[in-house]
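Okay, got some structures for you below.
Below, chain A partners chain B and then partners chain C, in two separate complexes.
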Partner chain A sequence: MSIVTVQLGQCGNQIGFEVFDALFSDSHCSQGLCSKRENEAYQASCKERFFSEEENGVPIARAVLVDMEPKVINQTLSKAAHSGRWKYGQHSCFCQKQGSGNNWAYGYSVHGPRHEESITNLIQKEVEKCDSLNGFFIIMSMAGGTGSGLGAFVTQNLQDQYSNSLKMNQIIWPYGTGEVIVQNYNSILTLSHLYRSSDALLVHENDAVHKICAKLMNIKQISFRDINQVLAHQLGSVFQPTYSGEGSFHYRRNPLGDLMENLVPHPEFKMLGVRNIPQMSENSLAYSTFTWAGLLKHLRQMLISNAKMEEGIDWQVRPPLSGLPTLGKMSLNKEFHFNTSIANLVILRGKEVHSAELGAFKDPALYTSWLEPVHAFSVWKTQRAFSKYEKSAALVSNSQFLVKPLDMIVGKAWNMFASKAYIHQYTKFGIEEEDFLDSFTLLEQVIASYCNLGF
Partner chain B sequence: MTQSVVIQVGQCGNQIGCCFWDLALREHAAVNQKAIYDEAISSFFRNVDTRVVGDGGSISKGKICSLKARAVLIDMEEGVVNEILQGPLRDVFDSKQLITDISGSGNNWAVGHKVFGSLYQEQILEKLRKSAEHCDCLQCFFIIHSMGGGTGSGLGTFLLKVLEDEFPEVYRFVTSVYPSGEDDVITSPYNSILAMKELNEHADCVLPIDNQSLFDIISKIDLMVNSGKLGTAIKPMSLVTSSAGAFKKQQEKPFDAMNNIVANLLLNLTSSARFEGSLNMDLNEISMNLVPFPQLHYLVSSLTPLYTLADVNIPSRRLDQMFSDAFSKDHQLIRADPKHSLYLACALMVRGNVQISDLRRNIERLKPSLRFVSWNQEGWKTSLCSVPPVGHSHSLLALANNTCVKPTFIELRERFTRLYKKRAHLHHYLQIEGMEESCFTEALSSLSALIQEYNQLDATKSMPAEDLPRLSIAV
Partner chain C sequence: MGRRRRRRRVDPADAARALPEAIAALSQMLPAGPSPETFRRAKFDRPEAAPALWRLLFRVLSPQLADGASASFSLEAQVRSVKLALRTQGYPRRALAQLPDDGSQGGRELLLALAWLLARGPLPERLLTQNRVQLGDEMPVCECEALASPGPPAPSVEADGCVDIRHLQWLMGKLRFRWRNLMASQQEQCALLGKIHSYTRGCHSDRSLGHLSVTETELLRDPEGGRQLLRRLERENARLQAALQWRCRELVFWRWMDTVLGACPPEASQPTFLPRIPTPGAGELETLVRELQALQGELREAVEARRAAWEAGVRGRGPEWSAARTALREAVGRDLAALRRVCERGGGRSLAQLHGPHRLVRTEAGAPGGPGLRAPEVIEALRSREAHLEVVLRQLQGQCGQELARLVGAPPGPVWILPPGR
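Here is the complex of A and B:
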């Protein structure tokens, strides 16, 4: 089954390119560390999922590129075409001349309705190329105007038009200190709207990825390209093909459905975080070996201590002893907090993957009380190594990962809202103070719900 | 891609405008080596087949035939505009896009605004509509003028209302040269305050400049160049004041060096909209991020570096120095000290070989020494444009919405009051039809209200930033 990706705005398009590039490079990587037959099956599955084929054999990304100004899309299209290995469809993009000005209201209320038909048609055409549609990725940032506002509108649209298909929004969380001054407003409006229309929000934080580039990849002068490549790697490690079940060697056909079923049991809890391990520069890779036991131990500790990467993990944090109540409701101010999960998905790729021991992830102490661990934890596997890592493990978690960042954004937006600063820019285009209040209410509810998981 | 139209009004406006077009051509020539008419260059220039008579000559793609500036030149005296049209840039301007008169405004805002305003309103509208028609997607009008005289000040601000009514969707960015302390025009306080009211009400964004600051910057550069320490090691094209490589071979006019600084300001302001980069910033984003309340739309600007040393291996220390300089009071284009006042918002527009990590490192480094208003503690807007300015490997334009602009307004008000109390020269204004004393008092209260807003913000400066109680939810 295929996934159609909608790339929105500068961020969405820049990242989308890196994602397809990473997926393609990995699937054509010679170091799969598996049999030829296995490799071919992997490639075929990846292709079906993410690429369609043209007559002269160059795969075309199953993607629709949308931006309200032309510079980035032009760059993205030419970068893909220049690579010679894959490309975007010639008519897969929709572009306007004047951007959204970092204004969520403009993206949502002006661009959205104005271009609804054109964008819907483009998506429809892409969907028709699929033999069977698994669902949609929507890649967008929260901070700007197009990705955030138009992204929210398009997601709503997809909900109406494709109510049977799944939608996962890949949301880029901006740096805490300003890329855009009104980023907190744009973020809360985006999140509150997506909460109502999306099936899952997979969040990627710029700050976290930046640290990975600095500390693990040892990049000196980090560019957005570096950040986007690390992000693409994380996404690839989740969504490249995996076996459909324990003991099976056929590749899973419904990754989105399986993921949603496992990770989003309740519509109040849609915020997913992703971690992967190991992550290092290619030079270091040649000199490293890993064991599944070591990787999983680190990954589990990253989960329960809410570490964003494998360095600086706090090993002091421990799950509460079973049977005893947790230390009360999660306090947003406490430092050493244990991260309670609703559900987790671990994805293992590489040599001897079947020998990996995952019992520690099934410990009921990790999870909130209202799901059995057997339902709360799932694992996907493949022997085929990912992107030259002999062994790699990824974690997609529906847990308290994002409570603190969300709380910070809501807090800052609230402070700004109290002074009414910048509100005139939004009311100009039909987003009223009431809409802001609705968003605040919804998100405070989400924060409270996640905080209470410990009970 | 969008287009912008530059409207240069009065002597000052036209002289600056002329430098701007000169440097714009230089910049595009440096970037666009194959002479293809692309979207970047179309933002400020039309491509015209000069063999075709009349209007049919516009070419939208392909090789550059003849570039015409998207400009409207307005002056109530002929001297400056004539000189432009006889100079090396004569072919860049469309001779139909001019409005001139002979007698001038006599340094009288009322003459510029009321007399010439009504006299030329139709013509102005016609020229503006023409220039808009030539645009695929017109985004912004850039108005360049001075505040202290009669034409730039009076007619320049009359224009704003016309633009607002006729093109409500198009942004109005105004570059205003404020009179310095030693200004020789006696009535400049009157003209400035009357113009301020119009700027308050009809401009989206104002970039105030003053001659003294420009002059100080030039003195600083001259000092460095002539001190012998750096001497010939400065790349001539990199001087923010230089016209090297541009059409005008010599800096004939005394104000050219100063005008080039302002021209560079406008180029850097629009660079991220015209050229590609990893974090673009369009003109509509400037207004969105830097104007938290409609009246507070005055942005203090600074440009760094002022020159580039000839040595190619620039250590990152120099890069960081560029960021530090942007906040020093010596680099601001108006007399202002942003570091000791309160920031409402700040934009950093970086060009050239600078990455996001450089930007973040410097923000982290400089943040503790800057004071931001409580509700915008992380009030940074940033952009990264890959194309550096001519002669540089990187550059930075900082735009600050900061209460440091207040002293300029207070001083202006004081000078106004001194004159007004004695009713000096008032009759020159009141004898103009449409002018009454209420024009003066209204303009004064408009300015006072603005100063009061800044005062209120400054009062919060010393208060600690407290988090407000949040909505409580019943779980």
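Here is the complex of A and C:
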């Protein structure tokens, strides 16, 4: 089953390119550490999911590129074509000639409706190329102007047109110290709209990925390209093919559906975070070996202590002892100590994957009281190594990962809103104060629900 | 030529053979049929006969299970499932329900249950139809068969104490996702079937079909699969033969069952076992009947009053009125007929001809096609049924909303905190 990706705005398009590139490179990587037959099955599964076939054999990414100005799209198209290994479809992009003023409300209320038909047609064409549609990825930034507003509109549109298909938004969470003054307004508007029309929000935090680049990959001058590549690596480690079940050697046909069924069935809890281990520069890779026990121990502690990467983990954080109440009342003023999860999905790739011991992730203390570990925890495996890592593990978690950052953004936005600063930029294009209030209400509810997981 | 001809002497040796042959035929035509010796032991209520008969009844009552699937259910689970299924169908004998769950006793009661099932309807024919080997790609057009059978036993969940509503919401959401995943899988299956059908155009020896099905394609690709298919067809043939033999020898079996019934200890006053219908209670039913009768009376009075008023109003009019009146009557008659058709369609009556699975055959657009159903007609019928079900769903949702508001004690209004979903 195939996934159609909608790349929105500068952010979405640049990241989208890196994602397809990472997926392609991995599937054609010679160091899969598995038999030829297995490798071919893996390649075929990845290909069906993310690429379509053309006569001369160059795979075409199943993607629609949307932006309000042509510069980034043209760069993306030519980068892909230059590589010679895969490319974007000739008629898969939509862009306008002029820029757009970087305004969320303009993107949502003006660009969206104006270009709805063209964009919908592009998506429809891409969908028709699929034998069967698994769902949509929508890659976009959260705090941007036009791209985010348009992204919110497009997601809503997909909800209407393809109400039975699954939709996952890949959201780029902005730097805490961002440059755009109204980024917090944009963020809350984007999030609240997406919460209503999307099935799952997979969040990638710029701050976290930046740290990974600096500390783990040892990159001195970190460019957006480096960040996007790390991000693409994380996504690839989640969505490349895995076996469909325990003891099966057929590849899973419905990864989106299986993921969503296990992680986001509750309408109030849709925010997902992703962690993966190990992460290092390619040079260091050759000198490192890992054990599953070590990797999983670190991954578990990353989950519990809400660490973003495998360095600098706080090992003092412990799950609460069963029977005793959690550490005091969860208030956002205090430091969060323990990260309670609703549901977790661990994905293991590489050598001897069947020997990996996952009992520690099934500890009931990790999870909220109303869901048992047997229902809350799932694992996907394949023995085919990912991207030259002999062993690698990824974690997609529906937990309290994002409560603090979300609360910060909502707080800052509220402070600005209280003094009505910059609101006219939005009301000018049809986003009224009520819409802001609705967004605040929804997000406060989400924060409260996640905080109450500890009980 | 008269009575004397019919009273032929029966050869005693034949008579002795007839019963074992009848039971052998019965056992061969049923899935998982035990040996005739087991039947004999069961008549005398020997404990070793019981497990085989429990398993037989389980297979008979859950025909949708694949051949090997019943092995995954423990004997106890099978026993419970059989008891539940029989009760749902209205089986009257209490003694069966009182048999122990471990399946160790009750051969005679089980025989009686089997006979009861056989007597109720064409059980062998139904089982054979359900389990027949299918060469084509079959698509069921209606779900009534699947809905009618009770299905395998579900794991019992203990609800101890209060249930967290978030857990319920989680489960509801999971169920919704599974439905969507199911639909996506079905769409994928359809797309792939379409591909196979169009690729194998012109390959089938039967011109009216024109293309191969998946099974037939596999036959060509894999000779071992072909041999297995042949074996399955031979087994099915053997069962059909057994069914024919059974029909010839049935009478002997029923005479024997009389003796089995006679061998049972007399049961003390047997209260009739009604099938379990989830009604609120007999009292409500009577109230409903009374209300409906009252409503009917009111409607009749209203119609009479209206008619009398109208008659009085038109009495003075001239002869041209009678022509207009006839035309009016005809128009009303047509409207009523149309309304009745709509109601019937909404009730799914026109789908009555669409029972059971049908083989999918792909034809060129505009080609005449063979006998059987056309896809557009089926789609149309299903769409109107869907529309009818949507209306019913809205009504039920409205009723639920009002009921909840009544329970909360507040006027219906938005109290919900959840973000509005679908």
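By our rule, the second predicted complex is superposed on the first by the 449 of 455 C-alpha atoms of A that agree within 3 Å, B and C clash if a C-alpha of one lies under 4 Å from a C-alpha of the other, contacts with A are read in each partner's own complex, and residues count from 1 in each chain.
The working rule: a residue touches a chain if its C-beta (ideal position, glycine included) is under 8 Å from a C-beta of that chain, and two chains touch if they have at least 3 such contacts.
Bear in mind that the values here come from a model prediction, so they are computed numbers and not experimental data.
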item: Fit or clash between chain C and chain B when superposed on chain A; value: fit
item: Touched partner set for A:Gln445, first chain B, second chain C, both or neither; value: both
item: Touched partner set for A:Ser369, first chain B, second chain C, both or neither; value: second
item: Touched partner set for A:Asn164, first chain B, second chain C, both or neither; value: second
item: Degrees between the directions from chain A toward chain B and toward chain C, using C-alpha centres, nearest 10; value: 140
item: Of chain C and chain B, partner touching more chain A residues; value: B
item: Touched partner set for A:Lys215, first chain B, second chain C, both or neither; value: neither
item: Chain B versus chain C as contact partner of A:Lys351, first or second or both or neither; value: neither
item: Chain B versus chain C - smallest C-alpha distance in the overlay, whole Å; value: 8
item: Doubly contacted residues of chain A, that is, touched by chain B and again by chain C; value: 445
item: Chain A to chain B touching residues, read off their complex; value: 10, 14, 69-72, 75, 97-103, 145, 175-182, 210, 213-214, 219-225, 227, 410-412, 414-416, 418-422, 424-425, 440-441, 444-445, 448-449, 452
item: Contact footprint of chain C on chain A as seen in their complex; value: 1, 131-134, 163-166, 195-196, 253-254, 257-258, 260-261, 264-268, 369-371, 375, 442, 445-446
item: Residue ranges of chain C touching chain A (in the complex, touch as defined); value: 164, 166-167, 169-174, 176-178, 180-181, 183-185, 187-188, 191-192, 195, 417-422
item: Touch list for chain B against partner chain A, complex; value: 1-2, 39, 136-137, 139, 276, 278-280, 282, 284-285, 287-294, 344-345, 355-358, 360, 363-364, 367, 374-382, 384, 467-468, 470-473, 475
